Amino acid sequence: MSLVGWLFAAALALCALAAIGGLVWPRSWVAGAGTVAAGLAAATAGVASVVGSRWSAWLPDVLPLAGVRLSIDPLAGLFMAVTGGVSVCVAVYGIGYARTPGHRLDSRGVQAAVPLFVGAMVLVPAAASVSTLLLAWELMALTSLLLVLAEHRRRAEVGRAGLWYAVMTHLGFAAILAGLALFAAGAAGESFDQLRAAELPPGLRNAVFVVTLAGFTSKAGIVPLHVWLPRAHPEAPSHVSALMSAAMVNMGCYGIVRVGLDLLGGGPAWWWLVVLAAGALSALYGILQAVVTSDLKRLLAYSTTENMGLVLVGVGAAGFFAASRAPALAGLALTAALLHVVNHAGFKTLLFLAAGSVLRATGARDLDALGGLRARMPHTTVLFAIGALCASALPPGNAFVSEWLLLQSLIRVSPLSGVAGAVTMPLAVAVIALSAGLAVATFVKAFGVGFLARPRGVGAERATESPPSMLAGMGLAAVACLALAVVPALALPAVGSAAAVAFPQTPPGLVSGAVTLALAGVRGVLSPLLIAGSLVVALVAVLGTVRLLAARRARRVARLWDCGAGPMSARMEYTATSFAEPLQRVFDDVLAPETDVDVTPARESAYLVERVAFHARVPDRVERRLYAPLLAAVDGVGRSVRGLANGSVHRYLAYGFYALIGMLVVLAVLR
Amino acid sequence: MPGLWRKIRKTGRVAEPAPARVPAEVPAAAAELAGSIQIRHVDAGSCNGCEVEIGSVFGPVYDGERYGVRLVASPRHADALLVTGPVTRNMEVALRRTFEAVSEPRLVVALGDCARGCGVFAGAYGVVGAVGDVVPVDVEVAGCPPEPTAIVAALRGLTGR
Amino acid sequence: MSEGLYVPLLDLGCGAFLLAGVLVLWRRDLMAIVGLFALQGMALAAVVVLLGVHQADAELIAVGVGVGVLRAGLLPYLMRRALAASGEGRETQPLVNVATSLLVAAALAMLAYAVAQPLIRLSPTPATQAVPVALTVLLVGFFVLVTRRRALSQVVGFLLIDNAITATAFLTTSGVPLVVELGVSLDVLLAALVLQVLTTRMRAAFGGTDLDELRELHD
Amino acid sequence: MITPVQVAVQITVQIVLVVAGAPLLTGMMRQVRARLEGRAGAGVLQPWRDLRKLARKEPITPQGTGWVFRLAPLVAAATVLVVAAVVPLTGTTSPLAGVGDLFAVVALLALGSVALALGGLDTGTAFGGMGASREMTVLALVEPTILMSIFALSVRVGSTNLGAIVTRTAEDPLDVVSPVSLFAAAALAIVTIAETGRIPMDNPATHLELTMIHEAMVLEYAGPDLALIEWASAARLGVLLGLLASLFAPWGIAGVGAGLAAVALAALILVIKVAVLGALLAAGEVFMAKLRLFRVPELLAGSFLMALLAVSASFFLG
C-alpha cells in the first residue's frame, strides 16, 4: 500500500475513531481533535496523490455483491485535499463553537456526526465504482441531514429546512442512481475502469449525462435545483454550513467532471452548453438573490450558488472547447474552474465560520440588526473582511485569480470555431462580469452593514469576541485564502494535474510561473504577488507623503456630522435592505419583490394616518414559480389518492389481485 | 444643443472685471489657508434676503469662485462658515455643532446686519442673539442685505486674492 | 479604390448604420429619432456609393446618391414636418422600458450574427460579412414597431426595416435592380406621405397619436 | 531591450505626470466650464491650492468610526498610484507589464471605490450609506460593459495585455476607425464618466446630499484625508482619460526601447491628448443635465450594448 493509501486509510480510521469518541465522551475537543487529524491526513493524502502518487484498491469483502473499489487519482486528490483543508479549519473552530451556550451542539449525536460527515466526503472522490460512489454519496447525504437538523428543538424553521434538504438531496440521489445504473448496465460492469472503456450508443450516453447532471447539479446548488441551499445553510449550525458550503457542494462539480469528462470522455457540444447555461443562470440568479437578502447566512448560501455557477461555467466551457477541438483552451477553462473550487472553499469556510461567530455573539443573522461589531469583535471583523475581499473577486483576493483565468479562457474563443462559441462566450463573459460586480456590492453590504458603523440591535450591542479556538479556525482559513491569493502557484500545479485527468491530451504548462502567471500562447500575464506588493508599496508611499506634508495638526475626534440636529440614533443608519434597494429596483423585473403598504387611518378622520406598516420581501422566484405549483399538484394527487388507502385489508389485497389480473391481460394481448 | 452653443457664443463672458482689492487686515487663520476658502453656508434664521445675494456672488456676474472661494456641502470640507440671520432658538445648537464640525483653522463670517447685531429682530422672543453671541466671529459684512460687491470684498479679504 | 481603404471604410459605414439603428431604441426624443434615421440614411448611401466606387459601377453610385437624397433628406424632412405639426415631442412610455429594449437589442444582434453565418459562408467577401449588421437593424426595426407607441416611432421602425432590406440587398448582390429600388422607394415615400396626412388628421380629430389610445376608439 | 533604468524612468515619468497633472486637469476642466458659463474661473492652479490648504488642516475622526474609515483614503490613493504605474501612458511597454493586464487595472480601480464605500458605511450616517449603496450599484452595472470592451479590444490582439493592444493600434492606424474601436471607445467613454462620477451620472459640484453619489460617501472626511480623496478622484479621471487616449489614439507613444527624448516627447503628447479629452468632457457637461439615478441603468445598458456590438463586430467584420 502506498503512502496515499495509508494516509487515506488513516483519515477514514480517524474519522471513525473521532465519531466513536464523540459518542462515548461528548466533549467538543475529543471529536474536534480527531477530525483535525483526519482532515490533515486527508489533505496530505490528496496533496500526495496530486503530486503523482496514485493508489487504488479493491476490497471485495467489505460489501456484499459488489465490494468496495477505491482509487485516488489527482482529480480525486484535489477534492480530497480541499475537503481535508476545510475540515481542519472547521474542526478547530468547532471545538469552541460547540460549547455555545444554549445551542446544544455538544450533544453525542452532533459530535459523532461531524467526523462521519467528513469521512463520507473524503470517501466520495475516492470511490472507483458505481456502488461505492452511491454508498459514500448516501452516507454524505444522511450525515449532513442529521447535522442540518441539529438545532431543530430550538427553532421550528430547522425542521422545514431539513425536510426540503432531505427531499432535494434524495431526489438528486435517485437521479444519480438512475443515471449511473443505466451507465453500468450499458457498460456491462460497474467499476470506473469498465465504464471508461465502455462503448455506449449515443442515445444512452445522452441519457446518462442528462440524468446524472440533474443529480449532481442539485448537490451543487445549481438553479433551479438550488432551493434546499438557501434554506438548509442558514438553519444548520455554522460550522456545518461551512462544511456543506465549502466542501460538500464541490462534490456536485466533482461528479460532473468525473462522469461527463472522465468516464464518458466528453460529449457533444450541446451537453456542455447546457452545463454552461445552467452555470451562468445560477451565477446571476444566486448573486442577485444574495445582493437583496439581509440574512447574513442566506446571503452566503446564495453566494455559494453563484460561485458554483461560475465553476460550472468553467466546466461547461472546458467541455465545449474540448468538443470543438481546442484542447489548450479546454485545459485552461477546467484549470480555472477547479482553481475556483479551491478558492471558493477557502473563502466560504472563512465567511461561514465568521458568520457563525457573529451569530454566536449576537444571536442575530439579520444584517439589519447587526452593525458596530468592529469595536466589539475586532479579530472577527478583520477575518470577515479578508473573506469578503476574497469573495468579491478584487485583487489582492484569491477569487480574482481564478476568475481572471476563467475570463482569459473564455475571451480567447475563436470566431472561426463556430457560431455557438462565438455567441455563447461573450454572453458568458457578460454574465461573469455582472455577477462579479454584484458580488462586490453584496460583500460591501455584508461587511459594511454587518460589521461597521454602530450596532442596530441589542444583540450586536452586547457582542463579545469569540474564544481563541474559533478565532484559530477562522485564522487558518484566512491564511489559506491569503496564500492562495498572493501565490496561486501553490495550488496551480495541483489543479493542473487534476485537470489533466479529464483532458489527458492537453499540453502541459498551460499556466506557468511562480510569481507571474503566464499563459501558454498568449501575452496575458498576471502577478498577484506583484500587485499585492505594489499596493503595499503605494500605501506606504501615500502614508509617508501624508505624514511628511500634513503633520501640522493632531487628529481630533469630533461628533459625527448630524446636520446640526440631535445625536444620530442607530435607526438613522443605512440598513442592508436600504443598501440593496437601488439594485432591487434595477432588477425589479427579475426579482419580482413583494411590497405591502398598510395604512391605518385615525379614528377621527380618514385623512389622518395613525399607523403605516410597510412590508417588503424578495421571495425566491424559482421556488415561487416552479416548486409551489409542483408541490400543490403533488399535494392534490396525494389528496385524491388518499381515498385508495382507507385501511381495509381487503382493499389492499384487492389491489394486488387487480394488478395480477391486469398484468395477465396485458401478457395475453401482447403474446 | 446647437441652440445652446449659439447662446454661449453670443453671450460670451459675463463676469465683470475684478475690482481692485481693498487692502484689509487678514485674520491669522485665513493667512494659513493661502488662497483657497471652502464655505459652508448656515442660515441661522435669515429672511433669505442675504441668501439671494450669496446666490449672486456665485453667479456669473460677480463670480466669487475666481477668487478661490467655493461653496461646499459639508462643514468637514469647509474652512469658513457663512452665517446669515439672527441666531434663532432652534438654530443655536445646530450652529454650534456646525462650528465644531469644521476642522481647524476655521473662520466664521457673519453676513448681514441681522447676523452682526440681530437687526430688526433684536429682542424678538425667538432670537438668542447675534452670531457673535454663539460662535466667535472673524469677519463681518454689513448691509441689509449686503451687496454682492461687499460680500465679494469680504471673501477676498479671506483668500487674499 | 485600394482594398486597404475599401474594407475599413465599408466597415465604418456599416458600423454607423448599425449604431444609428440601435440608438433609435435609446432616445426618447422623437426629433432625435428622426435625426438618427437621417444619419442611418446617410450611412446607407455612403455604403452603396462605396460599393459602386469599388466595383467602378457608375449606375450604383447614382443609385447611392439617390438613396441618400431620399432617406437622408426627403423622408426626414417630411417626418420633421409631421412632427412639428403634431406637436408631440417624446416617446414617453414605450411598452418595453428603454434599458430592457437595449438588452433585447444586444440579444437580437447576437441572433442576427448567428443566423447570418450560412449566408456569409456562401461568399465570404467583406460586403457579405456585414450582412449581420443589416439583419440586426431589421430585427431592431421590427422591435421598434412592436414596442413603441407613437405613430412616428412606428414609421421610423418601418423605415428601419426598409433600410435594412435595402442594405442586405446591396451587400449580398450589389443591389436590387434599379426599377425595383425606385418602386420600393416610391412606395415608402407614398406611405410616409399618407402617414403624415393621417397623423395630421388624427391629431386634429383626437388630439394625439398614442396607438393605445387610438385602440380605445376601436373598442 | 528594456533596461531597468528605462523602466524606472518610465514609471517615474508616469507617476510624476499623474501626481502633478491630475489636479491641474481638474482645474483645467473647471476653467473650461467656467468660461462656457460666462464666468472667469478660479484658474488652473486652484485645485492645487485647495490640496495645499487641506493638507495643512486638521484631520478629524468622527466618533464611532474606526480603522476602515482611516484606511479608506489611503487605499483609494494607493490603487490609483499602482494603476498609474501599470498602464502604458507614455510607452507601449507598460513599465510593470508583468504585473497585470486590463482586468487587473479595472479591478484595482474597483478596489479603490470599494474602500471609499466602506469608509462611507463606517460613519453610520444616512448619507454615507446612501452614497456607498449608489456607488456600488453603479459599479456593479458598469462591470459588464468594461469586460465586454476589453473582450472586443483583445480579440484582434489575442491578449488582454495593455501594451500589446496599444502597440497593435499604433502600428495599424486604420484600426481606430473600425467599428470595433468606435463602439468600444463609446462604451469605455461612458464607463469613464460613470467611474469618475461626472455628469450625467453624478454631479461633482452638487450641494444636494440627496442627489449625490460620490460626494455623499466622503462627507465626513476633513483635512489631509479629504485631500487624498480629492487627489485620488482627480488622478482616477486623469489615468482613465490617459488610458482612453492610449487605447484609441496611441500616436506619439514611445515604442519599445525608446530613448529618454522619445519618452519626454510621449509625455508631452500625452498631456496634450488628456487635456483635449478633458476639455471635451467638461464642454459636454455644460450641455447636459444630471440624469435621475434610476435613469442611469439605461445609460449603462446602452453602453453595454455598444460593448457587445463591439465584440460581435470584431467577430463578424473580421
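Every chain is named by a letter (A, B, C and D) in the order it is written, and numbering of its residues begins at 1.
One rule holds in what follows: a contact is a pair of C-beta atoms (placed from the backbone, for glycine too) under 8 Å apart; a residue touches a chain by one contact, two chains touch by 3 or more.
These figures come from a predicted structure and were not determined experimentally.
Enquirer: Suppose every chain is reduced to the average of its Cα atoms; which one is closest to the average of all protein Cα atoms?
Expert: Centroid comparison flags D as closest.
Enquirer: From the centre of chain C, which other chain's Cα mean sits the farthest off?
Expert: B
Enquirer: When the C-alpha atoms of chain B and chain C are each averaged to a single point, how far apart are the two points in Å?
Expert: 56
Enquirer: Taking the mean of the CA coordinates per chain, how far is chain C from chain D in Å?
Expert: So the centre of chain C lies 36 Å away from the centre of chain D.
Enquirer: Averaging over Cα atoms per chain, report the distance between chain B and chain D in Å.
Expert: So the centre of chain B lies 34 Å away from the centre of chain D.
Enquirer: How far is the middle of chain A from the middle of chain C, if each middle is the mean of its Cα atoms, in Å?
Expert: 49
Enquirer: Using the touch rule from the top of the page, what residues of chain D touch 2 or more other chains?
Expert: Only 56-60, 219-220, 223, 297, 304, 308, 312, 315-316 qualify.
Enquirer: Give the residues of chain C touching no fewer than two other chains, as numbers and ranges.
Expert: 99-100, 110, 113
Enquirer: Among the residues of chain B, which are close enough to touch at least two other chains?
Expert: In chain B, the residues touching two or more other chains are 74, 76, 101, 103-104.
Enquirer: Got a list of which chains touch which?
Expert: In this structure, the chains touch in these pairs: A-B, A-C, A-D, B-D, C-D.
Enquirer: Looking at the complex, which residues from chain B come into contact with chain A?
Expert: Touching chain A from chain B are residues 74-76, 91, 93-95, 97-98, 100-101, 103-104.
Enquirer: Within the complex, which stretch of chain A touches chain D?
Expert: Per the touch definition, chain A meets chain D at residues 291, 371-372, 374-375, 385, 392-395, 400, 404, 407-408, 411-412, 415, 422, 426, 429-430, 432-434, 436-438, 440-441, 444-445, 447-449, 452-454, 516, 522-527, 530-531, 534-535, 538-539, 541-543, 546, 549-550, 552-562, 568, 570, 572-575, 578-583, 585-586.
Enquirer: Enumerate the contact residues on chain A facing chain C in the complex.
Expert: Chain A reaches chain C through residues 419, 422-423, 426-427, 586, 589.
Enquirer: For chain C, which residues are in contact with chain A within the complex?
Expert: 99-100, 110, 113-114, 117
Enquirer: Given the complex with chain D, which residues does chain C contribute to the contact?
Expert: 4-5, 8, 11-12, 14-15, 18-19, 22, 26, 97-100, 102-103, 105-106, 109-110, 113, 116, 120, 126, 129-130, 132-133
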